[in-house]
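To keep things simple, chains are lettered A, B, C, D, E and F as they appear, and every chain counts its residues starting from 1.
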Amino acid sequence: MTTPLYNQLGVVKRNIVRADRTAVDHLGKFGSATVHEAMGRVGLMKTYMRPIYAGAQVSGTAVTVLLHPGDNWMMHVAAEQIQPGDVVVAAITAECTDGYFGDLLATSFMARGARALIIDGGVRDVRTLSEMGFPVWSKAISAKGTIKATLGSVNIPVICAGTLVNPGDAIIADDDGVVVVPAVDATRVAEAAQKREDLEGEKRAKLAAGVLGLDMYNMRGPLEKAGLKYID
Amino acid sequence: MTTPLYNQLGVVKRNIVRADRTAVDHLGKFGSATVHEAMGRVGLMKTYMRPIYAGAQVSGTAVTVLLHPGDNWMMHVAAEQIQPGDVVVAAITAECTDGYFGDLLATSFMARGARALIIDGGVRDVRTLSEMGFPVWSKAISAKGTIKATLGSVNIPVICAGTLVNPGDAIIADDDGVVVVPAVDATRVAEAAQKREDLEGEKRAKLAAGVLGLDMYNMRGPLEKAGLKYID
Amino acid sequence: MTTPLYNQLGVVKRNIVRADRTAVDHLGKFGSATVHEAMGRVGLMKTYMRPIYAGAQVSGTAVTVLLHPGDNWMMHVAAEQIQPGDVVVAAITAECTDGYFGDLLATSFMARGARALIIDGGVRDVRTLSEMGFPVWSKAISAKGTIKATLGSVNIPVICAGTLVNPGDAIIADDDGVVVVPAVDATRVAEAAQKREDLEGEKRAKLAAGVLGLDMYNMRGPLEKAGLKYID
Amino acid sequence: MTTPLYNQLGVVKRNIVRADRTAVDHLGKFGSATVHEAMGRVGLMKTYMRPIYAGAQVSGTAVTVLLHPGDNWMMHVAAEQIQPGDVVVAAITAECTDGYFGDLLATSFMARGARALIIDGGVRDVRTLSEMGFPVWSKAISAKGTIKATLGSVNIPVICAGTLVNPGDAIIADDDGVVVVPAVDATRVAEAAQKREDLEGEKRAKLAAGVLGLDMYNMRGPLEKAGLKYID
Amino acid sequence: MTTPLYNQLGVVKRNIVRADRTAVDHLGKFGSATVHEAMGRVGLMKTYMRPIYAGAQVSGTAVTVLLHPGDNWMMHVAAEQIQPGDVVVAAITAECTDGYFGDLLATSFMARGARALIIDGGVRDVRTLSEMGFPVWSKAISAKGTIKATLGSVNIPVICAGTLVNPGDAIIADDDGVVVVPAVDATRVAEAAQKREDLEGEKRAKLAAGVLGLDMYNMRGPLEKAGLKYID
Amino acid sequence: MTTPLYNQLGVVKRNIVRADRTAVDHLGKFGSATVHEAMGRVGLMKTYMRPIYAGAQVSGTAVTVLLHPGDNWMMHVAAEQIQPGDVVVAAITAECTDGYFGDLLATSFMARGARALIIDGGVRDVRTLSEMGFPVWSKAISAKGTIKATLGSVNIPVICAGTLVNPGDAIIADDDGVVVVPAVDATRVAEAAQKREDLEGEKRAKLAAGVLGLDMYNMRGPLEKAGLKYID
């Protein structure tokens, strides 16, 4: 047995296995809700993770970074590991809402091909980031700057907003939240999501026509069996 | 004495007394702040209830639903009880931010004539809901899906975001929050709100012209009497 | 020694020393993040202070007001002390999210020349305020009204959202938050902010061209010295 | 239809129907968890309600009081309505953690025969209250005093910590929380609780002897049917 | 005008004016609630500040320290400035719950004569601290350690838990919370607190004898005048 | 590549590799703070995890369980997997404070040899659990019961209170919090913790004798170099 990378500080892993690009892009067509269901209702980050502007929907492969409270030094180290199509996922070793990321880092990340940042901390320059069209999902917005003094790690497994993220995992994010799909499951989950989506069109048409879910899903029998009583 | 409906599970009440439609529509012309004042400063839901998009202003009659944590089965039962002009008010028996409601249910609710959903829990598909123009006030936004396994109730009195809602009560919601007006009080409160509104135009003109509230409301005397001191 | 004004109730100070107008307007050109850094990373209000609408960026001189929970009487007293270019900063003696401020007071404040309100409590009529273009940063949005019964103070030092604000201090607020610059430091901080801003253009161009922060800031040596290890 | 008492201010109801004393005292022998289950898993106040000292377990009949933020005037009005065996249940019209209750009021309440206070706000003098043996369940502990300026009501239905409490309802509180039993249901719930309790002794003995819940409750079949897989 | 010490980093002020020792010790005989009232209901820290063990009641003169998130270097600098009878008041420049203080620092602080620590952050080794009898009021308990890398300041004005503390101010803390009395006001507030306390004994005896506050405070008239109605 | 167990539902892993018993027991002699430092300041659960009674200090090997909101079915499945010396670590797939665990399950867990429960949710019967001496660290205390309807998993990797726990990992918990040590690291971390502990005795003696940390740790030079200024 060797010490797992999770929990190690001062490490940058260069070669990571990214989820299949086609599957990741396919996943990006669905919302986080559909992907989350297709996963079996796991993998969703905590609901305090909110987009800095409405309407963005992205998918990408995770480059992870573990930061110290109030210190964004490793963000620069992470930038070098970004490949086009990546989403940077930043965790902090303690709860801290400082603004670890602003328009300069976003410029650098975009130049490297990053599609978004997911950070279990704060972000700043949000108006400029919105104008640049660089989406961020974060726990907080804060003008508070950070220092560059303590080592963290890049591309190790991290816990971000209550969810385990391994480098290379597929990340799907939209207005409903952020979902993590293990790299090895990306293709399978994309197919499952597609199946769910295919079924939804017909359902939506029926419901729009006034058919009740009670009838469409044959719920009346089970509800009666469970003891539901109608009174006047 | 008979057991009150409040606290009962597995019950659907079909015939409810809705607040007077004219009064409810009248209330909808005022903001929640004006209605809340006209009520005597009671009936406001807790301030964590936020709209999923800015600018919506609705009024309607409450169809209530009590859900179990992580279970939205009763939402489908509630759909059948919706009449045009209703607002669905959903309470949960425990604190839970799962996404109990998405675009499929919204399609069904809209087909039934619902004007909005007020839910003391989470909602998902918020971008689609915004595009559909179906307003929701909720405690959270979450991609997390729910199951359909446990009975709740429909059209019983519920506590939603700290406020008692009886089926048929008038609900007024806008960017400032959600106010509940007992059905029997709808007409009286609408008239009181109208009076407040009538007085505001003149006040606004005076204040815009630079008249101070200190003078317009004759506050200088009471303030001095209360002991206010001006120093240089 | 005399009792400090901080902590006193029932006092209105009429003559306050406002930060230099030119410096304050200069500060308004920078975001709160830049000003906060130029200050030495102090003076930022807590991150729960959020704008009622996105995109506003203001600077001004503080007129302070200390309110009692659920009582906005002193807001009217404060209105009289407003001069063009001021920003009203409201603190509450206890945590309370009531809506202390709405469109009528905003009309009055605008007529007096106020540029914004910063309040460690709630605000209402936010849709109307947005239409009027009167920006507010607040802890909460609430339709809940307040009474006018208890004295507070105007233009005394207050703690607002975790930060000391003296009357006359420069306030800078945007989507990233609210920063307080002591009146005496306004000119110095504006100059320091200008220097930071001047340096950013060049950096941004380099980063946009793909230069890494690792190289631009010469971080590779310090990182290696700190023990950073690259693995494959 | 007449306006419901819920939502009315400035009212004191003198004659209330209290839950049956024998049933209330019987309920006091069980913990809040057992009573909550016997009720059908409803009626529990939010979990932020905590006792000021560990180990107290009480039951009583509710005298309700609705307070304004920062104002405890109605506590004195409520004192007069207390009868031996009552528990005072205090709600606030807005969220506020001020200390509405201290050792003087506790002395008065005890002299009237009150068994406890349940308050959706703050309490102070907690060390003295602990020494006096007067239990309080509250949302906060705060040295902050209150004023006596605004009317509330006594013995109207109130929402306390997310739960509807009608005057006369049975209140059961211990280290696990606070449960409200409608007055009309007190006897029935006490009997149901007794049945649960009777069954627990045998179960506890079996479990202590090493019998697994899996076997005692015959869960292995249902688990297998639900798809549970054992792997090595 | 010179830049105020508030907001400055990297500064240690050695000579501070401490509140009168006799007055501070006198204040220590009263609870925080009595002192807070005697102050005019200001000066109370936010209610999230809780003691690590029940029953401690202290008063002392403030030695202030401003820390960076996750960094307790300045605690050691502060230790040297402690004189017997001081209470150390620690503020953090951002919200952070790390454990900045444990049994080793407590040993040092006690050796210097400190009576307590008030910290707007986390503390650890709480069992040992309890056994040592060194009381701490904190925002959190956390085993998380800190580094020693960034300068803060000692004995400058700080904001701790929402309250301004100047070095030398009197601090009164017990189970109800933490109150700050400006050094210049210590004697006056102690006298006012004594007067309140003197009056309470008689009141307590009356209330214990069953006299109602309604009568003792002559509230019936004002309540009737305010419109209170009794119904049956 | 195969799908990782993390994220899978409906699985019970029977054979897990537990951390070395001697190392785990050794770790139990140190507090969570010492172990956390010896780990390199990682592995600490979020600070909202609090013990139900003060003074407990345990170490053990993790049996993990993943629960659905409001459903404790898998707790019974987990019971069968407990071996003497284990600590059960329970995670929930969504935030939910229901009481998943009470005195009956505790009786069963104790009969199996469990030393404690760590749960990122609620617990009930806390007075009885305290009397039984079965320690629990939890996010909440709640009388709210749960159902037994939905599958989770046992002995898969889980995220509990922000930390990854693999079955078999060493868990150390006391009044300061809960730390997770990967099974493979248990011996190494126990040795590192012992070294830290050995050094602390001498330090404590010096500090108790009045030696300042400034001198004992030779901080004066670095502080001066960092720019610290003393003023009078």
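Before moving on, here are some points about what is shown:
Note that contacts are C-beta pairs under 8 Å (C-beta built on N, C-alpha and C of every residue); 3 or more make two chains touch, one makes a residue touch a chain.
Predicted model only: the values in this text are computed from it and were never measured.
Common neighbours of chain C and chain E, listed by label, are A, D.
Taking shared numbers over all numbers used, the chain D to chain F interface scores under half, which places it in the different class.
The chain pair with the larger count of C-beta pairs in contact, out of A-E and A-F, is A-F.
Centre to centre, using the average C-alpha position, chain B and chain E are separated by 41 Å. Centres computed as Cα averages put chain C at a distance of 42 Å from chain D. Rounded to whole angstrom, the centroid-to-centroid distance between chain A and chain C, based on C-alpha atoms, equals 32 Å.
Annotation for chain C: residues 41, 47, 95, 97, 144, 150 touch two or more other chains. Chain pairs that touch one another: A-B, A-C, A-E, A-F, B-C, B-D, B-F, C-D, C-E, D-E, D-F, E-F.
Every residue of chain D that touches chain F in the complex is listed here, in rising order: 31-33, 35-37, 41, 44, 47, 50, 54-55, 57, 174-177, 179, 200, 203-204, 207-210, 212-214, 217, 219, 223, 226-232.
Across the complex, chain E meets chain C through its residues 1-4, 6-9, 17, 39-43, 46-47, 93, 95, 157, 159, 162-164, 182-185, 188. Chain F contributes residues 10-15, 53, 73, 75-77, 79-80, 97, 99, 102-105, 107-108, 110-112, 122, 124-128, 130, 140-145, 148, 150-151 to its touches with chain D in the complex. For chain B in complex with chain F, the touching residues are 68-71, 94-98, 144, 147, 149-150.
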